[in-house]
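The structures considered in this document are given below.
Across the two complexes that follow, subunit A remains constant while its partner is subunit B and subsequently subunit C.
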Partner chain A sequence: MDLNEYRDIFISEAQEHLQQLNEGTLRLEKDHRDLEAVHSLFRASHTLKGMAATMGFDGITELTHQMESVLDAIRSESLPVTRPLIDLLFACIDQLGNQIGQVAGGSQVPEIPADLIVRLKRGMESSQEPGEAAAEPVPAPGAAPGKSLEEAWSQGKRVFRLALEVEKSCTFRGVRAVMALRNLEKVAEILKTEPGVSRLEAGSFDFRFDVWVASQEGPEELRRACMKVMEIADCGVEALEASPAPAPAGGPGPASREPVTPEDEIMPAPPAMGTPAAAPAKEEAAELLDEGTSSPGAAPAKQSVRVHVDRLDAMMNLVGELVTQKIRLGQIGKSSNLKELKDSLSQLERVVDELQDEVMSVRMVPVDHIFNRFPRMVRDLARDLGKEVELRMEGKEIECDRTLLEEVSEPLVHLLRNALDHGIESPAERRAQGKPAAGLLRLMASREKNQVLIEIRDDGRGIDSEKVRQSALAKGYLSQTEASMFGEADAVRFILMPGFSTAEKVTSLSGRGVGLDVVKTKVESFGGGLKIESRKGQGTAFHLRLPLTLAIIQALMVRVGGEIYAVPVANTVEAVEYGPADLRVMQNQEVVLLREQVLPVLRLGALLETPGGQGPLPGTFTVLVAETADRRVGLMVDEVIGQQEIAIKNLGGLLKGVRGFGGVTVLGDGRIALILDIPSLI
Partner chain B sequence: MDLTPQPAPPAGELKLVVFKLLAEEFAASIHQVREVIRLPGLTRMPRTPAYVVGLMNLRGKVFPVIDLKRRFRMEARASDGRTRVMVVEVGEQAMGLVVDDVVEVLRTSRDHFEPPPAMIAENTGLYLKGVVKLGERLLLLLDLNRLFSAEELAEIARAGAEGKP
Partner chain C sequence: MAKRILVVDDAAFMRATLKNILTGGGFEVVGEARNGTEAVEMYRSLKPDLVTMDIVMPEISGIDAVRTILSEDPGATVVMCSAMGQQALVIEAIQAGAKDFVIKPFQAARVLEAVQRALEP
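After this line comes the complex of A and B, so read on.
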């Protein structure tokens, strides 16, 4: 089997399991007793192990195997959940992510750092500490302190290990275990138990436990003593010989035990690697996993196929062409008198529109696609910064074009980091201000007409306009007089300026001058927008506005010097008509007045070097008001022809580097119009 | 036309598209030429070097059109009824090349091929694979892959950036 063929499938499935591991560990961190989370973790690492083994990725196999052992120990409650253990699990998950990333990059998969394996094994050993505690003289109910195994041997007694099993359906495990111990006490001396007696009493073990006893009786008698107790399903008796190196020093810990759960209970089939025959098995596996992760409100598994994103893109392109041809045919139809043609055309229009909707919806994924990694990221950052944060996410089910979503992922990361680093205060500072120690960070997605809105809101200190003012003054962005009239709105405008940063210390997070302006430019580059709202002491909110899809956008078609260009509506605020007398010159800059405000204007014809673009303007002209990260500017065009939906085609490799254009679109009559990218154009 | 890249024809055969720039005859390997069309309406592309004459829409696909004479800094001449666009594929990039005429598609023996002579005008020298001598005729065989080097692409991008005031 050519494994390369299956590599992509492996990667995409592995990513999902990785996500489950992250989610499960986060849940376990919140609630150390969340056994559901442990089960889901176990399942995910088990599946991943199987997949990796099939593909021959030994590092991943080994690491997941060790993780499984640890998880199994947690599951059987022989290993307490502690913070260091959670951190270790996260470290393992990161390492797995790293390994899978290497596989995806096609490079040689590196060895798993040995120390991680060692730490995992050590984690297991520490798991035996409670066991060892129990190995000390057993405070068995009513029993005198027992003796160690060596002691028992030295006194010439026979030592047995009893492997007891309660029925799986048993409700009162603790009671049954204690009753079995009582019965044993009558015929034997209890040396120790695994897990410890207190755990046995609490019933916090899965259905098996071990007891070491010293006795004069034979194995049959011991077995009978135990089996008298109701719901004891089995009792294996093993006589232990004295050995020079006292064998049961640590006792047979869970590490030496095979995972209790039989494999086929978790995996219905060997890891399905996407061969057609294996597909139903995969379906099943997915369902099982769904149950396992049991995120509240998880939809029941649906029939689905994996399709490569490239194919979706190709489909989208074709639909774009179809839309163009539809418009063109529609124009021809209008000028003809053939009724049948017109009827047929309206049918065609309807079908094409539906097809466009369908294809677009296929490309849509819930924003959870990128949101789901944020809880982990926020947790790690908060820890690094010594802050307490609760991340609350809403609207995870809102859908957005996949490509677009991936584009917006980085800006979102940046904004979240920003909120953690600059927005939310340290717990002490928060308490001093009468706020709860843990900051609240909210990430909310919602849909509004043809746009997706994403809001990131923190309840931190807000933007300190005074600090911004000082910094702006110091850096020479502001004159003294301007500084005296500086308000909160101005502060918001300034922090969006390129290279402007008020961060006092350079942390690994932000403050390197790569700031919010980059985020804003990025969001604008795909036709979105960024707005900031801030109240000192109460918090900051970032509002991102995104188009539903990148492939088809609303654009204003404008005429400039005999040429036609498309301007994304998202890039513009409004269009205003002026006469030649309205154009004035201030400080060598052409300006117009817009509601009594001076608006600098640029001649689009000159920017685009259109034939005759440099010359005087004809009678009236229209100014498109555009907002970019750092300024508001008017673009002079001859005329706005209208607004329409356009399908974006990318410029090929040869022209990709040319600044100022976001692509091209084919007009109804077959002509090409360039799509202007305002931020890079001006 | 078959576009899949093929190894150089064995048994010493060359399959060429012969075209004209001014009075001179050039040739390109047929494997790189997708089709030949009449000059379509073009959309000017601002902020690019002068030899990028515009964008063309061919059955819904949009790609740049290059004026080869300008590219080789040859004398300009207005287009006429014989002007053609060769649609070529260079690497990943499809583009149209404006030529003065497409003469023929011919097969010829490799024996007629010679490496580029020293005296060939240096403007085209870099892009020349060699010459094909057919009796009195001399065809200049172009290497289209070299038409747009990495530096060239950078120059196009730079030209775009310089358009920025």
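After this line comes the complex of A and C, so read on.
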């Protein structure tokens, strides 16, 4: 067997178990008596151990084995849960993450640091109470060293395969399975189960499972034993003949019927410090679920297929091209008088639209894919900073394009760190202000039309606008008059300014705003926005606005001179016609009045140096009102052609860093239009 | 003669609910215990046909009570009462010898079916 073939699956599953380990340990830290958490930890390390052993990763096998012993001791209450023990568990999990990261990176798996193993063993010994300790907790039926089918036959026994079904409404299917096995044990010898006993106990099977038994009894008796158990809906009995054994003997083999559980793979495991860039993104596999992705939970596993992310990207690209051709054909159709062509075209349009929706929905994953690692991160950071924080996450099920989600992960980490570091005060400071000692950090995702909103809100000290004002004044960013009118909203605008916020002195003074401009730029680079709200002493909220997807957007097509440009609709408010008399000049800036508000106007042709762009002063002209998170500007264009969806092609090579452009798109008639990147343009 | 049942739960409300369901189903509730210790004592004195046993209780847990009762009377019939999310504990109880379980919030039909089945030879 070529194990490399299974490497990808191993990695993605291992990362899932790592996540489970992290979550379980966090739960255990909160409530030292959380037995469910211990069980889930035990199961996760047990499964991981089995997987690693199969793959021949001895380090991981050894470490998980030791973890299992510790967890088992906790489970049987011979080892008390203490803070050092929790830290030790976290250290092990990090080490596992490191190991798995190395596997993903294709490098040699390093040795597990010996001290970790030693600490685990020592942790065990110091607390072992003689007599109590070795109580093997659940000698589950069937887990007993199972005889192979051949052995049973050779002893002249009759072998049966029982296909059991629990009722779909059954809540604790694991218990029902165990009860059925117990009943069977009275009349038969259990050879093996599929899925394995540990999975049966955990209830992690669809509503069906198979049991192979050897028995002197007939099929009716076996069936009766199972059906005695409530909520067992059915039990099919099949007598197996001795000759060519179709069933895999012994351990659970790669059964074809085994359902693939929904998996969580977008995030590589929290990268351990110093791990060489393992480029795990390329190794990932994405998942196609038959009914969109669903939140992982109690729902029985759905039929699913693993598909490599690259393939999804390629599909998305092709759909983009298809959309372009659809639009082009539509234009040809309009100018022709062929009724049949038009009919066929409208069909084609509908199908392409549906296909686009489908492909997009396949790429959608719940934001939980990145949210789920934050509890651990926040916990570690809070500990390092000596702060108490409760992280509350909402809207984890909201879905978002996976590529985009990966992009936004880093800004989110930055904002969370920022909130912990600068926003939330130390417990003493909070108490002095009459706040609860533990700060509240909320991470909320919600969906609004074609956008996903993510809010990070803390109840910390907020931005000190006075300090920002003083600093801005000192740095010469503000005149005295401006400074006198300085308010909280201005402070927010200032800390987002490039350069200003990163200035060392301001940071230490304002206590806020390290590299926030970087976050803002990043978010805007993929068509999103960042807004900040802050109340001194009450907290700060960051509002991130994200498009649903990166690849296809709605854009307004505008003409300037002989060129056509695409402006993302997300950045536009409206288009307004003006006459020559409407254009005024205020403080060397051309402006128009829009509903009695002064709107600065930029001549797009001049700005982009478009050949044949706006000359001295046009006759009537059109102003496209463009908006970013904090600014609103009118763009003077010759004509607004219309709105359409465009597929974004990235600018490559030398053009990559050019400001003002977000990419190009191919128009229906084959011409190329540049996509304006409003935030960097205005 | 009506089968005699001992109800064990630390919450008076749950005991009342169960008693109501069981009496309605033609059973006789002969005693109510508030924790594992009381359960063991009352089992000895009352010798009921069946015990409904809550899992999470102060002092001795339901599972330990099951172990004690079964060690003294291997023929004892115990049905566990579990909240959602306690699958692992229920399995432990079943391994310890409990006959069946019901999940809170109780559905009368489910409770009665479980109790009747548990009492079948």
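Following the convention adopted for this analysis, the second predicted complex is superposed on the first by the 402 of 682 C-alpha atoms of A that agree within 3 Å, B and C clash if a C-alpha of one lies under 4 Å from a C-alpha of the other, contacts with A are read in each partner's own complex, and residues count from 1 in each chain.
Throughout what follows, a residue touches a chain if its C-beta (ideal position, glycine included) is under 8 Å from a C-beta of that chain, and two chains touch if they have at least 3 such contacts.
Note that the structure is a prediction, hence the values are computed from the model and not measured.
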Partner chain(s) touched by A:Arg182 [first = subunit B, second = subunit C, both, neither]: second
Partner chain in contact with A:Thr324 - subunit B first, subunit C second, else both or neither: first
First, second, both or neither for A:Leu655, with subunit B first and subunit C second: first
First, second, both or neither for A:Thr610, with subunit B first and subunit C second: first
Touched partner set for A:Ala437, first subunit B, second subunit C, both or neither: neither
Partner chain in contact with A:Val666 - subunit B first, subunit C second, else both or neither: first
Subunit C-contacting residues of subunit A that also contact subunit B: none
Sites on subunit B touched by subunit A in the complex: 41, 43-48, 52, 55-57, 60, 62-64, 91-95, 148, 153-154, 156-161, 163-165
Complex interface listing, subunit C residues touching subunit A: 82, 84-92, 94-95, 100-101, 103, 113-114, 117
Residue ranges of subunit A touching subunit B (in the complex, touch as defined): 321, 324-325, 563, 607-610, 649, 651-660, 664, 666, 670-674, 681-682
Of subunit A, residues touching subunit C in the complex: 35-36, 39, 137-138, 140, 171-172, 174-175, 178-179, 182, 201-203, 228, 230
